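When the chains are written out, they are named A, B, C and D in that same order, and each has its own residue count from 1.
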Amino acid sequence: MTYLEAIREALRSEMRRDPRVFVLGEDIGVHGGAFGITKGFLDEFGPWRVIDAPLSEAANVGAGIGAAVMGMRPVVELQFADFVTDAFTQVVNMAATFHWRTGCPLPLVLRMPYGGDVKGGPFHSQCKEAWFVHTPGLKVVAPATAGDAKGLLLAAIRDPNPVLYFEHKHLYRYRREEVPDGEHVTPIGRAHVAREGTALSVISYGWMLHKCLAAADAAARDGIAAEVLDLRSLLPLDRDAILGTVRKTGKALIVHEATRTAGVGAEVAALIAEEAFESLDGPVVRLASEDTPVPHSPVLEAAFQPQVEEIAGAIRALAAY
Amino acid sequence: MSTIEATSRAGDALTPGELLEMLYYMRLQRAIEDRAIKLYYQGRIPGAYFTGWGHEAIAVGATYALGPADLLAPMHRDLAAYLMRGIPARRVFAQFLDREGGLTRGRDGNIHMGDPRLGILPFISHMAASVPVAAGMALACRQRGQARVVLTFFGDGATSTGAWHEGVNFAAVLRLPVVLVLENNQYAYSTPLDRQTAARALVDKAPGYGIPGVAVDGNDVLAVYAAARAAVARARDGGGPTLIECRTMRMRGHSEADHFAYVPRELLAAWAARDPIALFERRLREEGQLTAEADRAMQGRIAQEVEEALAWAEASPEPAPASVAEGVYAASDGR
Amino acid sequence: MSTIEATSRAGDALTPGELLEMLYYMRLQRAIEDRAIKLYYQGRIPGAYFTGWGHEAIAVGATYALGPADLLAPMHRDLAAYLMRGIPARRVFAQFLDREGGLTRGRDGNIHMGDPRLGILPFISHMAASVPVAAGMALACRQRGQARVVLTFFGDGATSTGAWHEGVNFAAVLRLPVVLVLENNQYAYSTPLDRQTAARALVDKAPGYGIPGVAVDGNDVLAVYAAARAAVARARDGGGPTLIECRTMRMRGHSEADHFAYVPRELLAAWAARDPIALFERRLREEGQLTAEADRAMQGRIAQEVEEALAWAEASPEPAPASVAEGVYAASDGR
Amino acid sequence: MTYLEAIREALRSEMRRDPRVFVLGEDIGVHGGAFGITKGFLDEFGPWRVIDAPLSEAANVGAGIGAAVMGMRPVVELQFADFVTDAFTQVVNMAATFHWRTGCPLPLVLRMPYGGDVKGGPFHSQCKEAWFVHTPGLKVVAPATAGDAKGLLLAAIRDPNPVLYFEHKHLYRYRREEVPDGEHVTPIGRAHVAREGTALSVISYGWMLHKCLAAADAAARDGIAAEVLDLRSLLPLDRDAILGTVRKTGKALIVHEATRTAGVGAEVAALIAEEAFESLDGPVVRLASEDTPVPHSPVLEAAFQPQVEEIAGAIRALAAY
């Protein structure tokens, strides 16, 4: 099934399994959501579990928090992750600190359709996961495959903490994979070795993971065996997996779609430079989008984002270091 | 236009015991805050200290209208509401002193406290941030078919925030069982009401959300109670939210560090003559419900409770520095 | 209550030439969008494409009330407003095609454009984010003693946002020269008005900000113009903001990708019979202001302008990939 | 003069110099601001240049943007930096992208009173500068001294871009220094070597700079000559200064008050690990606040923040590496 279908199926199966789970967001009921993820949900679950909300992100996220305080398990859909800036206080101040202040759980999921290559421009394409990774009390996940889209959504819904689930819009229909049936839960905080290798470690997540895999294939034709690590969880990061792969290969290339400066790659690089320093046989290299807003023009966006060629080039350069 | 001025008195519906209980909580808030102000000036309360001096009739009158299973999302001048819904005075003092026995165990300070287990949402600094959350609490009740009501307090300044607007609108559109109590104390920190809004009255905002609005004398505990009782009943019956504008005056600085030179002293004097506790005492005395003996007994009880609570709080340990990194994430949802 | 229904027609105050100019801009918007829809279905417009089909009377009627030095903060269904304030059609097409000749030079897409040099604030996606900015533009005029007015457009959905509330309140408190034009087209994407607000009418929000509110037929360009002209005059005279609720219907999908099955077809049919351009044409014909000859000439002119504009846009180059990292920071303020 | 007085004087002198400069914020007029920075301004400049605003951060920042669009030079005061979350859309979407979208300048300053050791707790003490460092189009500065408080505020006001000026509340009255009179402009993007040394580089900013200097003094007593770099500007970072000091000493310790994960220190560490790798004689070490909200209790806050002892310990350990 597609990445999009995996999200839909995970959401539907959790709503069938647990009556506390419900969805809330703009245009998700009658219309089934801007991307059609909740199509058919209103008929199956009714208007109190599939809530068409007004155009008010702070209220919608806040209402999710309130319902979670009462023991429900809300899944709030942001129509585009970009609009979370209207709900920022609720996310980073109200939700993130709630358990720490009260000792009570806050089982809230925010579905964050994010990322570029959808001709969306600066306000429909952003990758701002680093903001939330810098916010203690939140968890942040970003599946790259249909299987993890399901597995991480199940884990997020069952987690007693606020989880930001970054679902990549370009992957919705681009990825189609076998997805295990039934109880397929991907634990939060566990990275995945997407490709084994020895020459260097390529660390990525989301849409860029697939470009990294393609670049690793290209490098393999030159005899370079790159290991590719899919982070999957961004907060908490899987320190053991990151340090493990770097200790194994001695070199790290970090690739993400978010803009470079102070992105998640900075944290990964810093972690490596501090804790795997003795294993390093080369600089910790980052490849990321340019430090600009996301351009609307496809021509510019292609120049903005890391491309397979560029990643392959960086793999070769680092391998040769 | 749905805005009406509430003038009815609901005192008749309350028993003498209930009336005295209301007075007790108003006095208890004042007594705790009185004591805390002294602690503050002794340098024993870390950080800022906020009181609800002048707001006691609002906190008590509105909260008294709630049923046992109802929920509360208070603000920073409603100490009595916290007490009435089950938070003991000793934990309040421990909170003020940043002790382990405080509601937040030293994590947050002053009146930023609550207890979800008691149905009290803890307040955070961002004004009106509780309003959408209160709507969500009401949503959960509605989803489960529980006839519970959520009462939330906020200030005149808070009505200018986007969070307030979005939260009220959300509750109104979904006809959620929320009671919206506005504590209009004429100022938001140094900002007078006419710099906060150009509306003739804040209650005029209600029709813009399609909800009833009512303005009451916020220094008259029974007027507040009457309006809240009607709003709670309406909410419980599926009638959706009501906005209750309680008009009062902030009788001290924004926090105790604020000398509030920006408030005209005549304004303060005029309101001081209408102190909500004194007004209610006079009425209860005139109606024979507060005898000299009952009065003395209540004052004695309160004084003793305050000192015991403070002693308990002072005996509560400081939080352990080694615990600093703990408690950020819940390990399980406990259900 | 300050809300009144505007029924007056201001047509008398306009010369025949002005009336035809209004029709011209309404038709020009329609013609450009008509052409752009074809381009969209040919896959030549990258990303989403939004039209203002049905909104032309609002865009033109309100904007026509502005003086030469006034300012505009439009939304995503107001193409005519951009054109009337000096943005040439060729740059609009270049914007739609993500070309270097577009207003944002391919940086942003579709109608997210403007030109501060022409006094037009570019719209961004976050609904109502322009409203506080429009207030700030008006503030600057007020600070400099300039008698300029800022007119801003927003949708029914946008009124639910915190940004809208805060921006309107800010403008009202400071009595800034802002005209607030609400394009109530019954839907926000798939969300019908009764799921957006519980208010009897959106214009009922005005008294909550202490500003006048007026509701007009948004398909009647002269009614919109009359209301806007009064509001512009009031703003210019220091009377502060006015909320004008223009009632219309979104006649196409939210964007061209949307099949809007959620809109009852009878509703669309009812509004289709009241197409703002057809209504105005009929009136002008009946009153003898639009002769068959003038009509043909105008249609011809528009057709030619559209094709020339599109040709120019198509000849405009794609942005240079090598320029991708440029232009994030201003090197100097150019003053 | 104190750090606070330096801010006041800089603001006042700019308002006298340039009629386009004005201040706007909550309680800044009649009351002179929560910290008294604009005391007396209303009398001197009148109500249209010293604007008491309603309690509405999105409106206040948005109004600043609008005035800047029109060529004014607004300085918007957030009462506490924590409240910027209510204005997030205006800052990161509207302001940050404005020049890029239009080619026009946006000379806006946001005054961000931030930081802890003021018994403020989780909503009055946060150090969230990293959010903005990850937002292309903004500039971010954080003076540590009274001189830089003045110099960077002058630079920020004269900059044609939106600048977030992080002023540390604990430093308001804690720091008292000679401040050069008149035209004393600290260029944005230039770090400052606050102490010369050779054994290792301690990189910091804000309140922690002073702890680092004290720790360096302590280490000096053990014969360790630490160089201390005050970043001053966080976006853009002074890459040359950072790489220069690390190339000189071969070791880097980064210290900040913001929480550790994905803080500005991560970016600095990543930069070093990528560009100064060959010069590195030891791991790139970060010391930062715990990954929790800021605790209110002074006892907990002391445990939360890096302390001089700890920094000195890290200096000794890294020097000995």
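Simple rule for what comes next: contacts are C-beta pairs under 8 Å (C-beta built on N, C-alpha and C of every residue); 3 or more make two chains touch, one makes a residue touch a chain.
Quick caveat, the model's predicted, so the values are computed rather than measured.
Any chain touching subunit A that also touches subunit C appears here: B, D.
The contact pattern of A-C recurs in B-D, the pair among B-D, C-D or A-B where over half of the contact pairs coincide by residue number. Separating the centre of subunit B from that of subunit D, both taken as means of CA atoms, is a distance of 37 Å.
Computed centre separation for the pair subunit A/subunit D is 30 angstrom, with centres defined by C-alpha atoms.
One finds 40 Å separating the Cα centroids of subunit A and subunit B. Among the residues of subunit B, those in touch with two or more other chains are 104, 107-108, 112, 124-126, 160-163, 166, 169, 173, 195-197, 327-328.
Looking at subunit D, residues 54, 56-59, 82, 85-86, 89, 93, 97, 100-101, 122-123, 136-137, 290-293 sit in touch with two or more other chains. Across the interface of their complex, subunit D is touched by residues 82, 85-86, 88-89, 92-93, 96-97, 100-101, 122-123, 128, 130-131, 133-134, 136-137, 235, 237, 258-259, 261-267, 269-270, 272-275, 277-278, 280, 282-286, 290-293 of subunit A. Of all the residues in subunit A, the ones that touch subunit C in their complex are 26-27, 30-31, 34, 52, 54-59, 80, 82-83, 85-86, 118-124, 290-293, 295-300, 302-304. Residues 104, 107-108, 112, 114-117, 121-122, 124-126, 129, 131-143, 162-163, 166-167, 169-170, 173-174, 327-335 of subunit B touch subunit A in their complex. Residue ranges of subunit D in contact with subunit C, taken from their complex: 22, 48-49, 51, 53-54, 56-72, 74, 86, 89-90, 93-94, 97, 99-107, 136-137, 139, 160-161. Every residue of subunit C that touches subunit B in the complex is listed here, in rising order: 1, 160-166, 169, 172-173, 175, 194-200, 204-211, 240.
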